[in-house]
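Dropping the structure in here first, questions after.
When the chains are written out, they are named A, B, C and D in that same order, and each has its own residue count from 1.
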Amino acid sequence: MEEILLEVNNLRTVFDTEYGTVKAVDDISFTLRKGEVLGLVGESGCGKSVTNLSLLRLIPEPPGRISGGRILFKGKDLLVGDEEEVRLVRGGSIAMIFQDPMTSLNPLLKISLQIAEALQLHRGMGRKEALAKAAELLKAIGIPDAEARANDYPHQFSGGMRQRVMIAMAISCNPDILIADEPTTALDVTIQAQILELIKSLSGENTMSVIMITHDLGVVAGICDTICVMYAGKIVEKASVDDLFAQPLHPYTKGLLDSIPRIDAGSRKRLYSIPGSPPNLASLPPGCPFRPRCDKAMEICGREMPPETSLGDAPRSVRCWLYASGEGGLE
Amino acid sequence: MKDDLLLDVRDLKVHFPIEKGILVRRRVGWLKAVDGVSFSVNRGEAVGLVGESGCGKSTTAMAIAQLQKPSSGQILFEGKDLASLSPKELYEARKDFQLVFQDPYSSLNPRIMAGDIIAEPLRIYARRGSITLGEAEIRAKTASLMERVGLLPSFAQRYPHEFSGGQRQRIGIARALALEPKLIIADEPVSALDVSIQSQILNLMKDIQDEFGLTFLFIAHNLAVVEYFCSRIIVMYLGTIAEIADSSVMYENPLHPYTKALLSAVPIPDPPKERLRKRIILKGDVPSPAKERTGCPFRERCSYAFERCATSRPTLI
Amino acid sequence: MGAARLKKNIIALAGVGIISFYLLIILVSLFWLPFDPVAMDTLHLLEPPSIKTGHLFGTDEFGRDILSRIMQGCSVSLIISLGATLLGAVIGTLMGIWAGFLGGKWDHLIMRVADILFSFPSLLLAIFVMGILGEKTYNVIFAIGIVYIPQFARVSRGAILTLKGNEFVKAAFSSGASKTYVLFRHLVPNIMMPLIVQVSLSLSVAILLESALSFLGMGIQPPYPSWGNMLSGARKFMLLAPWTAIYPGLAIVFLVLGFNLLGDGLRDLLDPRLRNVK
Amino acid sequence: MGTQVEATPEQMEELKRLFGEDKPIPVLYIEWLGRVVQGDFGFSLRTSRPILPDILQRLPLSIEITLFALVLALALGIPLGIAAALKQNPLTDIVIRITGLLGLSLPQFWLASLMVIAFSGVQGWIPMGNYISFAADPIKNLKMLFFPSLAIGTGLAAVIMRYTRNSMLEVMQQDYVRTAKAKGLKKRVVVIRHALRNAILPVITVAGFNTGYLLGGAIVIEEVFALPGMGRLALYAIYQRDYPVIQGIVLLIAAMFVLVNLVTDLIYAAVDPRIRLDEGGR
């Protein structure tokens, strides 16, 4: 197995709001190996994007604050030390792309300049060299007529093209990790296919690790090796992609998989639907946050949050009393 | 079979003028949002209209709902051409086709309570005398509608911001049901919702369809959702129809190259299957609908394109 | 909501406090003033503020008590700014709603006219209108009101246009609603808040405009006191007797500030976007 | 008008014929516009002098004060606004807000009066009927116009400060600023290269819009400081009901506004490529 590149231990991020302290990310842990594509899956408000921003300490402070845990990147804790040290990791060893390509590029600056910035900073290139490299990257990423278009402004590009530009920017410094936060959610499905194909091929040839954040289980199935399912700020289930889809354990994962319509369904049997709606993070019920919507809820679920229970080979684990060996567990 | 026809759209075109100029606005071209669309919907059927953004599916829906004036073409509802109706007749006809919208936030007036939102169509028609319901009956009906869509009738006194997205969409559905329409035009009704809420709403609409024998025109960009909900699917591309097929056969046997590409682009939540699939990756972006064009609208991105595609527009077979 | 919401409202509350204070002064001035505000007193010309003489803010070049004149000037300032704002608000809002709701060529025409009026400096516009109408107190209301028409037209039109794009408007039409029904049931109630904010901010500017007009001798005519014409009278003596210029000015500043605070505080309440930023 | 007008009966006859009391108003208006286009603004009813030279002689001073005030407003407002946005906390927020609102609440002519009271003893700073033109002595001229310009510019400075602050705070939350941070750029680079330029866009619009407000202020301020600008000409024309002069001034001011709007648009386009390349279609 490849070496561990990133290790997140018991990360907690909170937001101080007028409704009280919201635990957006509550005690999550995962590891990312070299060349691995890790999926963080969940619905809106589950904390997946906050996790992503926490990794590089990009949480707006205030109102946000990382209140605990460790983020070990190549053995070094990114949460220790001042921001200046993390800053050099950003865009260099760990790069990011975001959900909305229409707003993620600075509308007033030329494309080439925005890519060159990172090169000048992390690779110490001169301005001219960086601009030339930027055009080269654009070409590599599939922008037709790249040299001329490098001098265009973002508004002259379509959504799909802008996401390509974002990717070119992200991979410009050959990062170890690419964090992609819902990179295709704002795009049409045929463009989504183009972008996913591009990310897949990049992770393949550069042995770059990818953290893919998405709400779309279909996207995850096609691109990820490992998956963490998040609910209400917690990782409720972790598994390799095959295990997760073949044998989901957590009732939430099961419910989610059964509730998405599939194009290959053939027979049109009724979709399952999870009752209720995701909880308000500012007023979580005691115990397991999924309990009010869970059809397997037991008495203990209302009292205590289940611990992370490892099952079978790593990374398989689940946070559910159905599998916890302790009090009230079934197995 | 002829009796079963509820909606018949014939060569519908919606062109928007593109205007330029600050003082004197002059037309510099047309944006052909919908450019010659014909299809029909039978009673009790659920027909899906799919396509990517800018393909004209929503404009088509708005034109059918008489909220957008068509440039040409006919919309026959129960055999009557809606464009030829007098305002009074159109007002009467509206009762029979109602809308469900995409955005659960902007589709409900923030200053009106849920119960009044649902009762609004009833009150409007009752006041003009086209339905005879007293205020007490309207309230009773509102309560039963709320119950039907899965909301507590006691929520009638709440304002929209006190509901979750899924609940708001339920309010929207109850409002559409209030006048007991024959056709419901649902414009991306689940795209703004979370995955776990999507299936709740889809199932609710399915149950309602069975219960009331409703006809659905369902607009969405998500093929899997449309395939689940509808029995027939219309695929649109750049203001025109690329393919119409029964949803049971579409996945197995798509004909149009665009449908093929579209289907192959939809990810399937099944890792072993995904690994084996061969994707058709389309080149480039959808061209602008403001551009003048001849021939097949898909030809620039089509891997099968040949000479004739550039010169003449294929007709629907 | 709760605490944070209230904290932001401190701004609005401070505004309400200041305005209430002025209203109280008006109420008092109806029944009692320290001195007769128009009575000249040649024995006490340009006397500095003093408790002993009873002239707390001093006297002006005719020996008139400045405090009494300021108190008397209160009601004029408020009546004129209220009148002008209401005039502009009613006409402007109607125009804006009409333009925004109907769209098309009416919209184009009304907004062109509004743009032209709007681009003209408001004080100059008011001065020229006064020049044409003549220096009468009620003309000040017209002059300032005209300045406000395009401003209210723009605000209400913008609000209507934004609202019109909402799906609930489409929903209402498909529920069989008529245009008038949609306008009065769905649109107008939703533009009231931005209009109230605009009224509050306009009141503050109206007071400034009125005082400027009176300062230039085109507004309220002496001997009737207004803060603007008091400052105008003080010009020749302000080096000798600064209190003649300072106190009437302070009276203007605090009332204007009161309306600005109120308007600004209210704006917070209605703009959810700014609420996060602030 | 009438008796006090210092014009000979012959001239009055000439004027009456010129203004053609027998013709309907729209016709008169069009005829007047026709002459204006040829540079003929007509004659003053009071002094019977041609109007245009009089206006043109006084216009530069008013423009100078307006521009000076604009520069002061920008120089004060933008840095303060940025500082307020970057040092955001509940205390500075409330201080900045109240300061800003207070700045808006000060009548310009009163502020000017206070300046006269405070600085009249200081040689050369307060102009009192001893105006020195820029051409004659630039330094003395600027010194003399500093307080008048400051009195007009304070209000706009407050407006600009608030706009800059709010705009800056909004921009700092934009996705592209997050992108810039995720690139690893220094905070200073993020703020200056990515945030500031975007934040300044709405400020340009506001500044352009308010240049009119400054010019309006200039006219009152000229009165307080006894400066021989267009404002005094306008005021006297109004006092005297000298309609041809008023008409001429209104027209010139309107023309200046078209110019100011044009300049604003040009500056905007220079900063924002979206406007530049969209063929001016906003």
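Going forward, contacts are C-beta pairs under 8 Å (C-beta built on N, C-alpha and C of every residue); 3 or more make two chains touch, one makes a residue touch a chain.
Treat the numbers as computed from the prediction; the structure is a model and nothing was measured.
Counting C-beta pairs in contact across C-D and across B-C gives the higher total for C-D.
Relative to chain B, the most remote chain by averaged C-alpha coordinates is D. Chain C and chain D have centres, each the mean of its CA atoms, that are 21 Å apart.
Separation between the centroids of chain A and chain C, computed from CA atoms only, is 53 Å.
If each chain is reduced to the centroid of its CA atoms, chain B and chain C end up 49 Å from each other.
Once the centre of each chain is set as its mean CA position, chain A and chain B turn out to be 32 Å apart. None of the residues of chain B touches two or more other chains. Every residue of chain A that touches chain B in the complex is listed here, in rising order: 43-44, 144, 158, 160-161, 188-194, 196-197, 215-222, 241-242, 245, 255-257, 259-266, 268, 270-275, 277-278, 293.
Interface residues of chain B, counted against chain A in their complex, comprise 52-53, 164-167, 194-200, 202-203, 206, 221-225, 227-229, 248, 251, 261-275, 279, 281-282, 284-286.
Every residue of chain C that touches chain B in the complex is listed here, in rising order: 108, 165-168, 170-177, 181, 186, 189-190. Listing the residues of chain C that touch chain D in their complex gives 7, 10-11, 116, 119-124, 127-128, 130-131, 204, 208, 211-212, 215-218, 231, 234-235, 238-239, 242, 245-246, 249, 252-254, 256-257, 260-261, 264, 273-274, 277-278.
For chain B in complex with chain C, the touching residues are 25, 62, 65-67, 91, 94-95, 97-99, 101-103, 106-112, 120-121, 124-125, 128, 172, 175, 178-179.
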